[in-house]
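Read through the structures below before going on.
Look for subunit A in each of the two complexes below; its partner is subunit B in the first and subunit C in the second.
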Partner chain A sequence: METTKFIESFAEALEIEDASKISVETEFRKLDEWDSLGYLNIIAMLDEKYGIQIENVQFKQLITIEDLIRYIDDATK
Partner chain B sequence: MAFLTFDGVGVTALAAAVPHTVIENLKYTRYFPEDQVREVVEKIGIYERRFADEKTCSSDLCFAAAEKLIADNNIDRSEIDLLIFISQTADYRMPATSVLLQDRLGLPNSTIAFDINLGCSAFIYGLTVAFSMMKNTGLRKALILDGETRSKVYSPKDRRSAFLFGDGGVAALVERDEKFGTSYFSLNSDGSRGDLIKINGGGYRMPSSAETIKEKVVDEYGNIRSDEQGYMNGGDVFNFVIREIPKDIQKLIAFSGQDIQTMDYCVFHQANNFINSYLAKKLKLDTTKIPSTIAKYGNTSSVSVPLTIVDQLKNKMDGDKKLFLSAFGVGMTWANAIVPFVDCKISDVAEV
Partner chain C sequence: MTESSNPFSLQGKHILITGASSGIGRQCAVSCDRMGARLLLVGRNQSRLVETLRMLSGSDHDYKTTDLDKIPSTYIEDLATLHGAFDGFVHSAGIEKTLPVKFLKKTDYEEVFNTNAFSAFEIIRQLCSRRTFKDGGSIVLISSITSLIARGGVCAYAASKGAINSAVRVMALELSKRRIRVNSVSPGTILTPMMKDYLASLTDDERKKRVDGFPLGIGTSEDVANGVIYLLSDASRWVTGSNLIIDGGYTAR
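For the complex of A and B:
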């Protein structure tokens, strides 16, 4: 999966205007924009764009943007 | 596969009651700043809710709805052989509220009365219980009373639940009649997710104590509640809903051999507008067929499906109407149903 494209979708879902402040190493829960409403948007984005529904327990283990990308790649193989 | 089907039994009349006190969500700013409140309110699409006063219980709302139902339809009280009260905000821990309502409503002692303690999916669960028992020709009429005062359950200082819940009560009359075609139900449960929406204290696992009623800061956002107040992990619930609900809807559709596009109306549990519009989009449903009361009553738990029918479909239920009902919540439990209605008599929403 294309990293830049995913980061754009991620930024859009969290309503972050400047996507350049996110990189693969970003721990997304530490972003200012991350809150319970943002979480809803990310879940919706993953489902809509990638057809992915993650178990809550598994989602909690994903820390960085890279973890998310790897999870999506594995799930959509 | 917990599928159920019924023939020749259905809901013949519906009534509802809500408290007269309107809470304007945008002005519900005692504990949170206005801009934060606006952000949450716009996201969830809940602008008004009804709050019962200190002295008003779920049963009082149901009592008012039941009295209206009985009066509007000239129902002979002595013919009500079954009374089911559905709620998680009962009057007492014992006795069951249904039994007290039997007396208050002047129903005979021969009336079967019991409570069902379930959350948001409970009206659909309750329909299957009433339909099942009504297949027994010894019973003439069944009354389902479903009420909630969820405003009393959640902390106004916990932003994850402070703006969602409202109060209401409904009464549904269930009768046997050959005019009703087949209804189809799918009921489900997953207790491994019991901690997604929960009140920890006040039961027998964690009895009430000075500790359970103490308000505590519960997370890094500074949300405050006690163990006797409910909490909800909204994100996890949403994640669960988008995974399980569409799947179960497809299963029921396949089992019934019906086409969801041919339904007259699809009535969803009014959780919040974010979840409901997402589900509608995902299922590619015609939104003009999805009545909504989320903006005016908020999430009233199990009451939301029947309350939405009463509030939005009055005067639209003449003749044969096929409704798809879908609800999910605390437990987790989730239920989907295809229910035929024929000339269902719907009363105006009463205020208490």
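For the complex of A and C:
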């Protein structure tokens, strides 16, 4: 999966204007924009864009943007 | 206290309960049974309905497996012919779709409204006949405090419950000629299986924040069922078109 494209989708879902502040190393829970609604937005985005329904238990194990990308890659193989 | 002197008794009342296969609906069945009512339980899942039935001590109850999205136009009439006219109706069937507004499509709203509101409205239409519903009967629709206060991610659910609150007032007015009362109950967070799933989706911090909002803590389905009993019983004979908030003080803040 294309990294920049995913970061754009991620930023859009969290209403982050400047996507350039996000990199693969970003621990997304530490972003200012991250809150309970942000979480719902990411879950909904993963479902709509990638057809992935992720359980909370699994999601909790994902820390960085790279973890998210790897998860999507594995799930859509 | 003898049954006749207890204003909260449901002795001799025939009550229809939707969503009786789980959560608040199931607890309403258990509580109404204890108060002496005869029940007709409605739900999607037969084995879980039978499970509810087994929790009841009365032997004259029955159940009907039903997909509420597809109620035939003679649904209630057929039930009343078979089991007798009703004195009470509790609509507890409900679904929730946690999605932020920008992801909620019309079909999502339709799905939630169909189960939470439209199915109840259709059943009430079919109850507007003396053959199916007795004069002086009571209708209770389970709403939610999200019909009154905002919470992120529950727009479709909240809107469908708001529809209930508004409809209840008009229905109460129109059906008052037959002394039929129509009310809603708005529970706060109750530990139903549906709510347990939701709470599990939150982080520890969010869960704590969520629970902290309730001065009396999180409620049980029994707390809600007791309010429903009151509204079904003759104790509330002068109460109609109202929304009974049962939320441990959440909305008082």
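Things worth noting here:
FYI, the second predicted complex is superposed on the first by the 77 of 77 C-alpha atoms of A that agree within 3 Å, B and C clash if a C-alpha of one lies under 4 Å from a C-alpha of the other, contacts with A are read in each partner's own complex, and residues count from 1 in each chain.
Operating definition for what follows: a residue touches a chain if its C-beta (ideal position, glycine included) is under 8 Å from a C-beta of that chain, and two chains touch if they have at least 3 such contacts.
This one's a predicted model, so the numbers in the text were calculated from it and none came from an experiment.
In the superposed model, A:Leu31 lies in contact with neither subunit B nor subunit C. Once the two complexes are overlaid on the shared chain, A:Gln53 sits against subunit B while remaining clear of subunit C. Using the contact criterion defined above for the overlaid structures, shared-chain residue A:Ile63 touches neither subunit B nor subunit C, since it reaches no partner. Of the two partner chains, subunit B and subunit C are each touched by A:Ala44.
Overlap of the subunit B and subunit C interfaces on subunit A: residues 36-37, 39-40, 44, 56. Listing the residues of subunit A that touch subunit C in their complex gives 36-37, 39-41, 44-45, 48, 56, 60.
The part of subunit C that touches subunit A in the complex is made up of residues 98-100, 102-103, 152-153, 200-203, 206.
For subunit A in complex with subunit B, the residues that touch the partner chain are 35-37, 39-40, 43-44, 47, 53-56, 59. Touching subunit A in their complex are the following residues of subunit B: 39-40, 43, 160, 196, 221, 233-236, 238-240, 242-243, 274, 278, 282.
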